[in-house]
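Structures are listed in the sections that come next.
In what comes next, subunit A is part of two complexes: it sits with subunit B in the first one and with subunit C in the second one.
The block that comes next holds the complex of A and B.
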């Protein structure tokens, strides 16, 4: 069998397997969002759902590498930012349609991910985290330095939205999220996920098993950056503006916290946590002044109670059916 | 036929000559023993031969091809596998998952095309080392003996022609020792060449036909086990005053 054919066959089998393994709760949530988009005209609710979908995209893209390789990327905003800005610039200056900017900017983010992944190969733990922080920090500085292109602090506004209505924008976003989660689940359940997990503590045994560990880590970085990039472009085309916040350290940290609280290495744990936490954060607007304190406090308490995240809580080991419903099939 | 030829192999760490100008040959189909006191450079030698340590100088030819300095995963493709003295388990993974990893080496990935084939192969390997009932146990919950056997099974899973085992018997209880000895004998019978570093001489002497003794990074002696253990220089270097006891144990 030729190599491309073999890869195509594996990818198809992987996607099929991911569909079979998918969390029922996630499917229900996606269906719920679709129904809301089709029936509701409450602008406020639709906007919040768009935001929740974007955060679900961000956290799952973080998890697909970091949750499996057990390395903490504290610079996911590098990829959301670079992709969001590229989408914005392509759309504004070349009048490119979102159907083109999303794949192009996500691919650019993936390319950047491959480079950073390669540079980070030898680093572990805090050193790995530092490298990702530095890259994201440099990028946001660059956004200020090249303000004639990026709009500096103001950012870029007047970006085209996916469609003329929020309802359709939400449908586009939730469709992109659904496809992304399927692809990332397939990736994580494939030998890529297996080998990333095998390198968590020490990669000598993987090397001695004939595995070029570097290849898998760099590929994982590329995949993570690609889907973070999809999220960044989603943001640009729904909020119709991008600002340095999209590449800020605070966003990176928030994504790490939500993913870790949800349960790393499960894709769906971070997805569900990001969705729930975004809604919770919006709901807290009724007590606006205390909102940031209560929100971050909740995150910290969650991580304190479930240090390995909700999806990995020992509770679910004893309730496999519930686990299956919420987070999908395990093996 | 000679499978592996090391010539003037050296590796220095600053002033420490961990491996110092060693030359030896491993004939195909044999079990080759390496002994020597702590810090003699045995593990460093294995690291050189399996691509885990860049050499200071020298040459290693495997099936007449220079392999020194190649990456460990390329050496696996070439037919070289190893286990570790300090086992490095895939924490968070099950025993079965551990043995799925080598299947994705370039050497084997085209051999097992379906998920069923891959799983069956990993299960067969687990069965062989007697851990079939622990297939779905996390390695975090396995004891030292099981972990060592699993690491050896991981190495064997790569279907090597030449297998390097670094102190495979250490930390094993009697039952595990018996099982491992018979696995090594089986491997030999199926044509695999095995090199073993070992402190537990009783097990080693029964398995090997040829022993090399290392001390301070150099080769001290080499030959049939029975002859080597009677060599006064070996007794002196390896066991000091306990030498006589050692001589009788080996004979």
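The block that comes next holds the complex of A and C.
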């Protein structure tokens, strides 16, 4: 059998496996969002759901690399920012439809991810963290310097949305999220995820058994950047504008905090946590002034109570059925 | 000449912030990403004490609020250590994440209570002097001697006091320190308090020079982090050298090009050092 065919076949098998392993709760949530999009016409609710979906996409794309390889990427905004801006520029100046800009910008983000992944290969722990922070900072500085292209502080506005209505936008986003989570689950369940996990525990042993760990790390970086890029393009086309917020350090930090609170290395844990926390944040608007304080305070408390994340809490380790329902099948 | 003077005074503040960061890393093996926040709190506490406690009194009130601010920041750092860090102190990742969460929390807190606009504190000294034909603000000149004094005091403390010796011992070998009867937890707490005091000192010194906003912590955190790595994580002399180096590069590019490029060049240098010499310019884990 020829090599491309073999790879395609393997990918199909992986996807099938990921579908079987998918968490029931996640499917219910996606179905719930779809039903809301079809029935509700409450503009506010729909917008919040779009935001929640985008954050779910961000955190899961963070987790697919960092949760498995146990490296903290504090610069996910680099990928979301680069993809969001590319999508915006392509759409505005070349009048490309969102159906083209999303794959193109996500691929560009993935390419950037491969380069950074290759550069970051030798670095671990604090060094790795600093490199990702600095790259994101360089990007946002560049955005200010080339403000005639990026619009500087204002950003770019007037980007086309996926469709004319918020309902359809939400449907598109949730479909993209569903596919992304499926692909990432397949990636994490394949030998790629396994080897990334092994580098976290004992990279030397992995190298000694003849595994080219560098290849897997760079690939992990590319996958993570690709799906973060999908999220960034999603943001651009649903908010119809991009601003330096999309590449700001605070976004990166927020994504890391949400993902860690959810439980690294589970994909579904960060997704559920991001969704819940975004909704919680919006719900807190009833006490607008203290909202940010309460929200960040909640994050601290969550991380304090579950240092390795809710999904990895001992509570779930003792309840395999609940674990299967919430976070999908393991092994 | 202007570059030299500004670079020296700015570099001394960088050194104060970065030395604390490095000290905590070499003793505890943890990265306290709330270090920029402690710096920012130094400036804010000065503002709070001066405006609300001492009712904008004279120079003496300002000095008193400086001291109070430094002490308060140390207390905050101790609280942070005992309440949050101690839970999983072995995990570098946990400490990074939880300290970032704390930093975000303080940022939002300050936004709510003091607004997003900047707050300023009157300066200890007014006027300006001519140094070799360059007009420099007096408050700018004051930075270097005070910082140098603090750094020398820290050096003496580490070398000649028994508490300082125990800090050095834990940094060199945690197990060895435990064997000779030193409690590493207590030493780490002390180190964090000292580091916080240094950061707060930098914050109070600079509170009259630059504008302080709730988001300023990330800028200083990146600076401290970068200086620590450029100098070699764990090396105090390396951090001091790197601090001056970075400030000279920044000031020089700011003068020749624009402000935006100044920071960009600094960031590029950090990337280059990370890629080609990740162990830093002076790599060895010693205090």
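In this text, the second predicted complex is superposed on the first by the 329 of 331 C-alpha atoms of A that agree within 3 Å, B and C clash if a C-alpha of one lies under 4 Å from a C-alpha of the other, contacts with A are read in each partner's own complex, and residues count from 1 in each chain.
By definition in this document, a contact is a pair of C-beta atoms (placed from the backbone, for glycine too) under 8 Å apart; a residue touches a chain by one contact, two chains touch by 3 or more.
As the structure is a prediction and not an experimental result, all values here were calculated from the model.
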Looking at subunit A, does subunit B or subunit C touch a larger number of its residues? C
Return first, second, both or neither, reflecting whether A:197 touches subunit B, subunit C, both chains, or no partner chain. first
Please indicate which partner A:131 is in contact with in the superposed arrangement: first for subunit B, second for subunit C, both, or neither. second
Touched partner set for A:253, first subunit B, second subunit C, both or neither: second
Let me test your reading of the model: by the given contact rule, A:141 touches which partner, first (subunit B), second (subunit C), both or neither? second
When the two structures are overlaid on chain A, which partner does A:297 contact: first (subunit B), second (subunit C), both, or neither? second
Which of the residues in subunit A come into contact with subunit B in the complex? 1, 6, 13, 191, 194-195, 197-198, 200-202, 204-212
Interface residues, subunit C side, partner subunit A - complex: 25, 31, 84, 87-88, 91-94, 96-98, 100-105, 107-109, 111-112, 215, 218, 222, 225-226, 229, 233, 260-261, 263-264, 267-268, 270-271, 274-275, 278
Looking at the complex, which residues from subunit B come into contact with subunit A? 50-52, 71-73, 76-77, 81-84, 88-93, 97-98, 100-102, 104-108, 110, 113, 115, 151, 154-155, 157-158
Which part of subunit A faces subunit C closely enough to touch in the complex? 70, 72, 74, 119, 122-123, 125-127, 129-131, 133-135, 137-138, 141-142, 144-145, 249-250, 253-254, 256-257, 260, 289-290, 292-293, 295-297, 299-300, 303-304, 307-308
